[in-house]
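This is the structure, below, for whatever I ask next.
In this document, chain identifiers A, B and C correspond to the written order of the chains, with residue numbering beginning at 1 in each.
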Amino acid sequence: MTANKTIIYIDEIDYIYPNNTIALSKVSLKINKGELIAIMGQNGAGKTTLIRTLNGLIRPTNGNVYVKGENNSTKSIAQLSKIIGIIFQNPMHQLFSNSIEEELKFSLKNLEYTKEQIQQKVDSILNKFDFEKYRNRSPFNLSGGEAKKLALATIICRDPEILVFDEPTLGQDAKEINFFLKIIQSELEKGKTIVMVTHNIEFVFENIPRTILMANGKIIADGPTEQVLTNDLLVNKASLVLPQIHQFKLGLKKIGIDVPNEIFKERDMISFINNYLKGIMANR
Amino acid sequence: MSLVKFNNFSFRYKGNEEYALNNINLEINENSFILLLGETGSGKTSLIRCLNGLIPQFYAGYYKGTVEIAGKSTITTPISDLSTVVGIVFQNPENQLVAMNVEHEIAFGMENLGIPSSEIEKRIKEIIKLTEIEHLLERAPFEISGGEKQRVAIASVLVLEPILLILDEPTANLDPFFAKKIITMLKKIQETKKISVIISEHRMDLLVPLVDDIILMENGKLVGYDDKNVIMNSEIFHKLNINKPKIYTLFKGLEYGSTHFNELPLSVEDALNFFRQFK
Amino acid sequence: MSFEFLNSFRFLKKKSIIHRLDPRAKLLFAMIYTINALMFTEIVPLVFIFLSLIPFILLGKLFHQWIKSIHSLAFLYIFIIIINTLFITNNGFSFSLAMIIRITSMISAFSIFFLTVDPNDLALSLISMKVPYEFAFSFSLAFRFVPTIAIEAQNIIDSQQSRGYEMQKKGIINQIKNLFPLLVPLIIGSIKRAFNVAEALESRAFGSKKERTFYFTIRYSVTDWIFTFLLLIILVVLIFIRLQIIIMPDWFNWGLPV
């Protein structure tokens, strides 16, 4: 088991657009194998530019990106896409086949599998995603939420070591978000590394251990979610708001109810309040 | 005369067998800030399209029943006439900005209606102040940010002076800080201009503190229209698959949920008020 | 050959005398210069015509953008030179040079038009020439969405490459098949967009039976009339020269011996 091994190393990269706007400025980042990370920040802060440097869609103007110890500049996008799978925001930007089965087969094309292996993988993914009933259906007949699920399936079936998501919970209802959570948990169990760009503070606060904040092309924070997303100044700079549970915790403390500092998650807050109310009832 | 009146209205899009809207009966009277909720596919967007006549005039299909906006039938009144009563801001501002610069964009609707130039000038001045886009007049749509595009889209609709403003997921592509700004701006507009605003949104956390009422939809049917407290304490709300506010799920998860709360707190402030009684 | 070429036709807001001219005057400019260039096949007059464009380019502060558009035509020029030199026995190379200068002049003239006409004004100028509003509007709408579609195309390419799609393929048939993953999402996206735009337009009273107010106007100014006059003079002089080419001195008909 190679725990704590650096799998992505971004070394002081800059990215400047042809029209001279600076998208990334001296950005450095180390990600270890098996980590689950959120990248948050204002629109235009550089988040999507940053993830595009991971699989070579964007080549930094200065600095280097190393994936699994090798410099990206020596590899093509096709090569990198075998190790890093990025799922972009809009599933409609990739769907084009006659059926869902074909859509999945297309995703497996450049991976040098035999026909039998491809069929096997497709069957397995259709099952995992509960898409068996849609096997022959056109991808254009899917609802928005299902299309997003299909986009997820097309990358997961390639089994890349690193998964990168751009706004995975946007437009998804509670059930769909739950399904997404289950999928990433199952991938983490397989030892995958997951990076997520998102605005969904509540989801991040509840589920993601490490958060990176970006503003104006720079990383302004990188650490445990519980520290980063409870910091007023940083949260403001990144154009976010404090998580509801944290706001509630602060409010309770102000009233004089002593909430222990380690309470961050919903479950813990519920236990605390249950105990508190039990105490109140008992004293009556 | 009510603002909005649906009378046993049903609609099915041409080529579809299922009804997108099933026997809707809805009457909206006062000026209020309303949240339209429902799972994806519940018919929210279709309902919105009915409010200015897009259904059934623009979207081909089969309908039963009637819809009246401020007394005018949405089936027979031309959409262009209804545009001075109802304004809709659609989901993606990119596809609503049709002009090459912001000033042209805002003037567009008024030009179409033949409103005289002096009036156009007056209204532009007023609306850009209200929506805080004065500094953007000369800019092109692709030069401005998502939040700015959204404000321009809102301005270009408000300028036709509708008494009912509808927004379909206005904060979808915005980051939380700007999402909050836009919703607050909309609340202010609703109060100062004394109009009704209906917002269809997934991000309840942001909206619940500010809205008055909630319209709830499920599978093309209207399953609730009432004060937000009533709706959010209902069984049917609890069962729906929507992204509920954090405070709601928190309090629902308490052991003492049913015995102590007649009404669940809907926001952080509400929740804190509940706890103040113990101190 | 890249999308860079298209970039050099994109309007950029600048303060120059050319930018301030009425779009109709500039359209006239492009058309007249096209006629001018088409009138001659000899190198010398074509060079003069081409050189006379330079002051306009400089006055419009367009030099850099213009150079970019010409430079990306290099491929086309080489092609012309080769074909003409090989297939035209009578001074083929000389002829091809003349053609290149001619093409450059025509493209430059139109380039000046596109680089200096605000798309907002484009629709207005069409309307003033009695083009029906709906037609002029769809014209400017198309312009408006070009950058949007370009960004969408890039996003589609990114999404497909991320799932292993490879841009370079060998063989014509493969290259065509390879376009499907890009074209299908783009076309479907554009159709959806068209619907969204249409319903947004309807909702803002587009197509209302009322008489439309035109809040913005364009007017021909004194500068525009002077400019037009100048263009007409150049045209008349060149027509005269064309008709009376016999009386021109020998060097006028100079061409390379090749």
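Assume a residue touches a chain if its C-beta (ideal position, glycine included) is under 8 Å from a C-beta of that chain, and two chains touch if they have at least 3 such contacts.
Please read all numbers here as calculations on a predicted model, not as lab measurements.
The interface with the greater number of C-beta contacts, when A-C is set against B-C, is B-C. With chains reduced to the mean position of their C-alpha atoms, the one farthest from chain B is C.
Rounded to whole angstrom units, the spacing between the C-alpha centres of chain A and chain B is 30.
Distance between chain B and chain C, defined via averaged C-alpha coordinates, is recorded as 43 Å.
Against chain A, in their complex, chain B makes its touches with residues 39-41, 145-147, 172-178, 180, 202, 205, 241-247, 249-250, 253-256, 260, 268-269, 271-272, 275-276, 278-279.
Chain A contributes residues 52, 55, 57, 77-78, 81-82, 85-88, 90, 92-96, 106-111, 140, 154-155, 158 to its touches with chain C in the complex. Partner chain B is touched in their complex by these residues of chain A: 41-44, 143-145, 170-171, 173-175, 177, 199, 201-202, 236, 239-241, 243-245, 247-248, 251-252, 255-257, 266, 269-270, 273-274, 277, 280. Put simply, chain B touches chain C in their complex at residues 49, 52, 54, 58, 78-81, 83-84, 87-88, 90, 92, 94-101, 104, 107-117, 120-121, 141-142, 156-157, 160. Chain contact summary for the complex, chain C toward chain B: residues 118-120, 140-141, 143-144, 147-148, 151, 193, 196-216.
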